[in-house]
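Notes to accompany the following structure.
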Amino acid sequence: MKKIEAIIRKSKFSEVKEALHNVGVVFFSYWDVTGLGNEKEGHVYRSITYSTSDIQRRYLSIVVNDDFEDITVKTIIESAKTGEVGDGKIFVSDIAECYRIRTGEKGGETLK
Amino acid sequence: MKKIEAIIRKSKFSEVKEALHNVGVVFFSYWDVTGLGNEKEGHVYRSITYSTSDIQRRYLSIVVNDDFEDITVKTIIESAKTGEVGDGKIFVSDIAECYRIRTGEKGGETLK
Amino acid sequence: MKKIEAIIRKSKFSEVKEALHNVGVVFFSYWDVTGLGNEKEGHVYRSITYSTSDIQRRYLSIVVNDDFEDITVKTIIESAKTGEVGDGKIFVSDIAECYRIRTGEKGGETLK
Amino acid sequence: MEELTNQITEINGVLDIFWILVAGIFVFFMQAGFTLVEAGFTRSKNTINIVMKNLMDLCIGSLGFWAIGYTIMYGESIGKFIGSPSLFYNEPGDMHNLFFQTVFCATAATIVSGAVAERTKFSTYIIFSLIMTTIIYPISGHWVWQGDGWLTELGFIDFAGSTVVHSVGGWAGLVAAALIGPRIGKYTGGKSNAILGHNMMYGALGVFILWLGWFGFNPGSELAISGGSANNVANIVITTNLAAAAGAVTALILTWVKYGKPDLSMTLNGALAGLVGITAGCAAVSPVGAALIGAISGFTVVVSIAVIDKNLKIDDPVGAISVHGVVGALGTLLVGVFATDGGLFYGGGFKQLGVQAIGVFSIGAWAIVATFIVLFILKKTIGLRVPEQDEIKGLDITEHGMNAYND
Amino acid sequence: MEELTNQITEINGVLDIFWILVAGIFVFFMQAGFTLVEAGFTRSKNTINIVMKNLMDLCIGSLGFWAIGYTIMYGESIGKFIGSPSLFYNEPGDMHNLFFQTVFCATAATIVSGAVAERTKFSTYIIFSLIMTTIIYPISGHWVWQGDGWLTELGFIDFAGSTVVHSVGGWAGLVAAALIGPRIGKYTGGKSNAILGHNMMYGALGVFILWLGWFGFNPGSELAISGGSANNVANIVITTNLAAAAGAVTALILTWVKYGKPDLSMTLNGALAGLVGITAGCAAVSPVGAALIGAISGFTVVVSIAVIDKNLKIDDPVGAISVHGVVGALGTLLVGVFATDGGLFYGGGFKQLGVQAIGVFSIGAWAIVATFIVLFILKKTIGLRVPEQDEIKGLDITEHGMNAYND
Amino acid sequence: MEELTNQITEINGVLDIFWILVAGIFVFFMQAGFTLVEAGFTRSKNTINIVMKNLMDLCIGSLGFWAIGYTIMYGESIGKFIGSPSLFYNEPGDMHNLFFQTVFCATAATIVSGAVAERTKFSTYIIFSLIMTTIIYPISGHWVWQGDGWLTELGFIDFAGSTVVHSVGGWAGLVAAALIGPRIGKYTGGKSNAILGHNMMYGALGVFILWLGWFGFNPGSELAISGGSANNVANIVITTNLAAAAGAVTALILTWVKYGKPDLSMTLNGALAGLVGITAGCAAVSPVGAALIGAISGFTVVVSIAVIDKNLKIDDPVGAISVHGVVGALGTLLVGVFATDGGLFYGGGFKQLGVQAIGVFSIGAWAIVATFIVLFILKKTIGLRVPEQDEIKGLDITEHGMNAYND
C-alpha cells in the first residue's frame, strides 16, 4: 500500500477531486496548509508592499493499493496543473499496515 | 518506530483520547481534516437538498516504539468504533529516526 | 529522499523558518495542530482552574534529498529549542517517490 | 399669545425633525445589517469584496443623492414623472429630510449587492451603484413620494417603501443576477448545488440590526411625531414588530415541516420578509393584519427562494430578489387587502388592490428596464464578471489583494 | 388659552411616547446582545441553535405577549394577582407601552436560553418560551407593575425590573439548568471542567450592545421624559452607567487577585451584573450608591458563578443564573439599603428592606415553582434534552442540519 | 400666561436633555466600534487584550471622569487653565451633561489603545488610562469647552472635538507608540513589514458603528435641539455624513491608483478620517465644504499612515495617530479655511486660521508633554512592554490566560 500526499493549489481542488473520482479514487482526507516554495505572491497592506511565499495550499492524503499508485499520481498531475510556478508536489511513501475501524479488518481490502 | 495515523469521527475523540491514555499512549498530535469516504451525510440548505461525503474528521498522528504498535491500534479500533459506516481508518508506517528537540537526543527513548 | 516532520512551538516558528532559510531549506509546508505531550499549561476559566496538555503546536512537513537530512534536523533542533519541556519532536521517514506537478518530472531534482 | 402659538408650532417642528433624524440614524445602521447578512451568507473568500460594495454604495449614495438624486426625486415635478434637478442640495430647513431620504436611497442600492455577490466586477458595481442612486431610484421614487407624482395621484399606497425602496432594489437585483449569471459551481448537470454561507452568526447579527433599523424605516416614514402622529408612530412600531415575528415563525415552521429541520438561514430571511412585507402597509393595517401579512411574507419567501433558485435557476446567494423584490411587491399588493380603510377584507372592494397592482407593476417595469439597459452597456464595455480564475480564488485576494481572515 | 394648554399637554404626551419608543428600540437591541454573549461563551458547534433560541423567544414573545400576555400583566386586576386577559391587544393610544413591555418580556425569556445552552431540545425550549412569555412572566409582573398588584401595595420597589424581569429569568434558568442537567463532560469524577467559550469577541460585542440597551431599559422605565422626568431620566442614565463600570472593574480586580490574571469573561459578567444590580434602584439611589451597588454586584457575580458551578454543580454555561437571578435579587434588596429615601444607610431603617425581601422571595418562588411544573411535564412528555450523540456532535448539525461556520 | 411660558421653556429644556441623552447613547456605542476596529486590525492572539483595554478605559473613564475629571474640565475656571475640582459630581439638573462628556472622555482615552496595541503591559495601560481621563483630557478640554478657558476667549473653534478629543487621543497615542517601540518583527533590516489584521469584518462593522456613533458625537455637540438648534443639528448630520463618505471614496481611489487595488483597511480609515476631519467644523461649513474636508482628510490619512509607518518608523497598528492626531489637527485648521463665516475661502482672511493653529499647537503640545511625563515615569517603574516571549505568544494567553477563539 502507498500513501500519496499531494500539495496543490486550493483553487484546483474541485477539479482534482472530480478527476480522482472519475478514476475511482474516492477515499481520501484533506486539509489546508501553508506552503513555502518557489512561488511568490505580491501584496499591499496599508501602504506596505510585500511579497510572501507563505501561500495557502490544500494537502491531500490518499492511501491506495499499489496498483492504484500510478493512476492516482497521473490524475493529480493532470488535473492540478496550471503550468505556473506553484502547482505543488506529490510525495509517495510506503504504508506498512492499514485498518478499517468499523470492522477491525486489515490490509488492502480496507481501501476499496 | 512506527507512525500510526488514525482518521476518526470528531465526536469519538474524547473517548479515544481517554482510552489511549489508559494504555499509556499519551504523546501525540491531532488536527481536523475533511474526509471523503463511504459515509454520506444528507443536508438541506436554503431549500436545496444535498448529500455530501466531505465530512469533518479528526486526524491523529502518533509515533510509537514498535512494541506499542499493536496496543495502540487495538485501542483506537475499540474506542473509535460505532459500527456505522464512517468510523475511519488507521494507517501504520515506518519511522526511520526520531529526535527530541529539547535535548537533541534521538531514538526510541524519546518516545517515552 | 526523506520526509522530516517537526512539531514545534508556534512561538518558535519564525526563528525556525529563518534558520532553515539560511541553510537553504526553503520548500516546505506547515499547519497548526494540537499536541499532547509532557508539557502542561495551567489556566483559569470562569473560576475553574485546570491544566491541559492539549497545546497548540505547528507542524512542519519537509521533504528533502538524503544529503540534506542532517543539516535540516540539526537546524531545527537548534532554532526550535528553548530547553523547557514541550519543545517538540522531529520524525524522519522515507519517501519513495516525488513529483513536481507543474512539470510532471520526478525524483530528487524536484526538491531543488 | 401669538408668540406662544408660534413657539408651540416651533416645538412641534422640532419634535418632527428630532424624530426624523433619530429614525434616519437607525436606518443608516441598516447598512451594517446588510453587510453582515450578505457576508455571512456567502463564502469567506469574498468577504472583503462584499464589505467594500456595501460601504461604497453607502458612500456613493450619500454623495450622489445629495449632489443630484434628491432633487430628481423631490424637486418640482416635471410632468409628474421626474423632479427638476439641481446640484448640491443645501436647503437649511430641510436637511433632516435629505438625510432620511439619503439612507433610504442607500438601502435600495445595497440590496443589489447581495443578489450579485461573489462574482461581479467591483468597478462595474461601483458604476451601477452611482446610476442606481442618482437616477433609477430617484425617478420611480418621484412617482410615489414627491406629492405630485402620477402614482400618488392614482392613490397608490406605499407608506415606507415596500415597492419604492425594496422591490426596486429587488428587481434590479433580479436583472443583475440573471445577466451576470450564476456563480461557478452553482449549477452543475442541471442541478442546483448548495453553496454554504460562511458565518451564520454574522447573518443573525445582521438581521437583528436590520430589524432594529426598520424601527426607523417604517415609523420614521410617518415623517412626524408631533400631535396625533405620536400614536401613529407607535402603531407602526407594533405592526412592524409583529410582521417580523410572524414572518420568522412562519418560515421556521415551513422549513421544519418541509425539510425536516428548522433552518436558520431561511428563518432569518423570513423575519426580513415580514419586515419588507409590512413596509408598504405598516400605517394602514391593524396588528392582526400585520401579523397576517408577516406570515404570508414569511411563507412566500421560502417558496420564492426555492423557485428562483431551482426552477428559474437564477443564482441569488442571499435571497435578495425574493426578500425585497417578490415580497416587496406582495406586501404592496396586500395593502389593498388588509388596509382597514379601503382594503378588500374590510369591505373596500378591489379598487385599492387594482391601484396597488398598477404601482407595483409600473415601478417594477421601470426598475427592470433601466437596470437592464445600464448593465447591458456595462457588459459590452467593461464587463460584468471577474475572470473565472479570480472567482475561484476569491474576490478578496484578486480584487482587493487581501484575505478577510488572517492569524 | 385652553387650546394652548391642551397643546402643551399634547406635546408632553408626545415627548413621553417618543422617549418610550426610542428606549424600547434600544431594549429591543438587547436581543442581539444576549445572542452574542451566549454564542460567544459556548462552543461553536452550538451557535446556530443559540441564535435560533434567542431569535425565537423574541418572535414568540412578540406574538404571545401581544396576543394575551400583555393583558394578563396589565389588564384590570383580578384580586391583585392577575390581569383580566383579552386577546390581540389593540388600543390605539397605548401601543408604545405594548412595545416597551414586549421587549421587556422578551428579555426575561431570553435569559433562560443561556442557562440551558448546548443541550436542550429545540422544540422543548420553544414551548417553554411560549409559556414563559404568556403566563409566567406576565403574572408576577402584574404583582409589581400593574399598579394594583399586591406587591405594589406593599410598597415594593423594582423600578426597571431587577426582580420582575431579570431574576424571574434567572430563577427560571436555575430550575431549567438543574432539571436538564449538566452538559456531557462538564463534571467528571466530581470535578468541574472548563468548557471554553468559542469567541470572546462576540461576548464582548454582546456586552457592549447590552450596556447600550440598558440605557433604554432603565431610563425608559421612567415611562416619561416630559417635565421633571427629564432630569430623572438623566440621573438614571448616570446611575446605570456607573454601576456597570463599577461592576466590571470590581470583577476585574477580584479575578486578578484571586486567579492571577484579569479574566475577560468574568469582567464582562461583572459589567452585566452591575447593570442588573442597579436596575431595581436606578431611580432611587445616588451616583455613589449606584457605584457601590455596581461594585457589590460585580463582586457577588464572581463568587456566585464559582459557587453555582463548583459547589452546587449546576451547569450554567454563560452565568445567567448568577448575573440575572442572584444579582437581580441582590440588587432589589440593596434598594432597601441605598435608597436615598427610606434606605437603611439613609436612616430609613429596615422597613423597606423587609418589603424588598418579601417581593424578591415571593416572585422567586413563583418563577421557580411555575418553571418546575412546566418543565416537569415537558420532561415526562417530549423530553428536555437532545440525545447524547447529538449533544456530542453539536446541536447545529443535529437539530438544524448545518454548521455555523464554513469556508 | 406666565405659567404657559414656563411650561414652554420647560419643554424646550426637556427636548435638549432628551437629545443630549440620545446622542450620548450613540456616542457610548462608539466604544464597541473602537474595540471592533482595533481587534480586527490586529492579530488574533491579542484580541482579548484589546477588548479588555477598550472595556477598561470606558469603565475607568466613567468612574474617574465622574469622580473628579468632570469638575476639572467644567468646574469654575482657575486662571482660564483648569476647573476647580470637586469629588463625585452629583448635580441633579446636569446629569445629562455629565453623561455626554463622560462618553467623550472615554473616546479620547480609547484612541490610545489602538496605537499601542499588541505589546503594551495591561497594568501600565490601566494606569495611563486613569490619568488620561482624570487629568490630561479634562485640562485641555477646559481651555476650549468650559466657556472661560483661554482658547475659548481667543475665538478657537472646535465644535465637537477634532482637537479636544481626537487629536489629544492621537498625540497621546503617538508618544506612547514611540516610547513603547514597535512590535517585534515590524521592522527588520530597516524595512517595514506588513502585519495583517485578523478580521476585516470586525474592522468594517466597527467603522459602521463608529459612523453611527458620530451622529451622536457631532450633532449632539450642539447640546440642544430646541428652537433653531433643530435645523443646526440636521445640518450637522449632513455635513458629518458627507465628510465620511467623501473620506472613504477618496481613500479608495487613492489606494486604487497608488497600489493597484482598492484596499479595504485604508478605505475604512478614510471614512474615519472624514469623520474626524469634520468634527471641528461640522457646524461651521456648508455641505460642499464638508465634502471637501472629508476628501482632504481621506487623502491625508492614506499619506500620513504611510509616512508614519515607513519614514518615521512608528508602529501604529490601526492608524490611530494618523486618523485622530494628524487628521484631527488638520480638520481643526480647515475650519479656518472652510467656515462659511470667517473662513479663508469665504473672504475671512487668515485670522481664524491663525487662531486655529494656536489651538491645535498648544493642545498638541500639552498632550505630548503630559503623556511623555506619565509614560516616562511608568517606564522607569513598572515598565511599558510585556516580555518578548509574551509578545510572541500573544497577550491573550500570557496576560489574560485565555485565547479569544476556541472550538
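First chain written, first letter: the chains are A, B, C, D, E and F, and each begins at residue 1.
Operating definition for what follows: contacts are C-beta pairs under 8 Å (C-beta built on N, C-alpha and C of every residue); 3 or more make two chains touch, one makes a residue touch a chain.
Because the structure is a prediction, the values reported are computed rather than measured.
Considering the contact criterion stated above, the chains in touch with chain D and with chain E alike are B, F. Equivalent interface to A-D within the set C-E, C-F or B-D: C-F (over half of contact pairs identical by residue number).
If you compare C-E with C-F, the chain pair joined by more contacting C-beta pairs is C-E.
Centroid to centroid, with C-alpha atoms defining each point, chain C and chain D lie 52 Å apart.
We define each chain's centre as the mean of its Cα atoms; on that basis chain A and chain F are separated by 50 Å. Distance from the chain A centre to the chain B centre is 19 Å, each centre being the mean of its Cα atoms. Residues of chain C found to touch two or more other chains are 31, 43-45, 93-94. Contact with two or more other chains is made by residues 1, 4, 8, 11, 15, 18, 22, 196, 199, 259-261, 263, 265, 401-402 of chain F. Inter-chain contacts, as defined above, occur between A-B, A-C, A-D, A-F, B-C, B-D, B-E, C-E, C-F, D-E, D-F, E-F.
Listing the residues of chain A that touch chain B in their complex gives 1, 3, 17, 26-31, 61, 63, 93-102, 104, 110. Across the interface of their complex, chain D is touched by residues 43-50 of chain B. Across the complex, chain C meets chain F through its residues 10-11, 14, 43-45. Residues 1, 4, 7-8, 10-11, 13-15, 17-18, 21-22, 24-25, 28-29, 31-32, 35-36, 39, 47-48, 51-52, 55-56, 58-60, 62-63, 66, 88-90, 92-93, 95-96, 98-99, 102, 122, 199, 202, 399-407 of chain F are the ones that touch chain E when the two sit in their complex.
Those residues of chain E that touch chain B in the shared complex are 185, 389, 392-393, 401-402.
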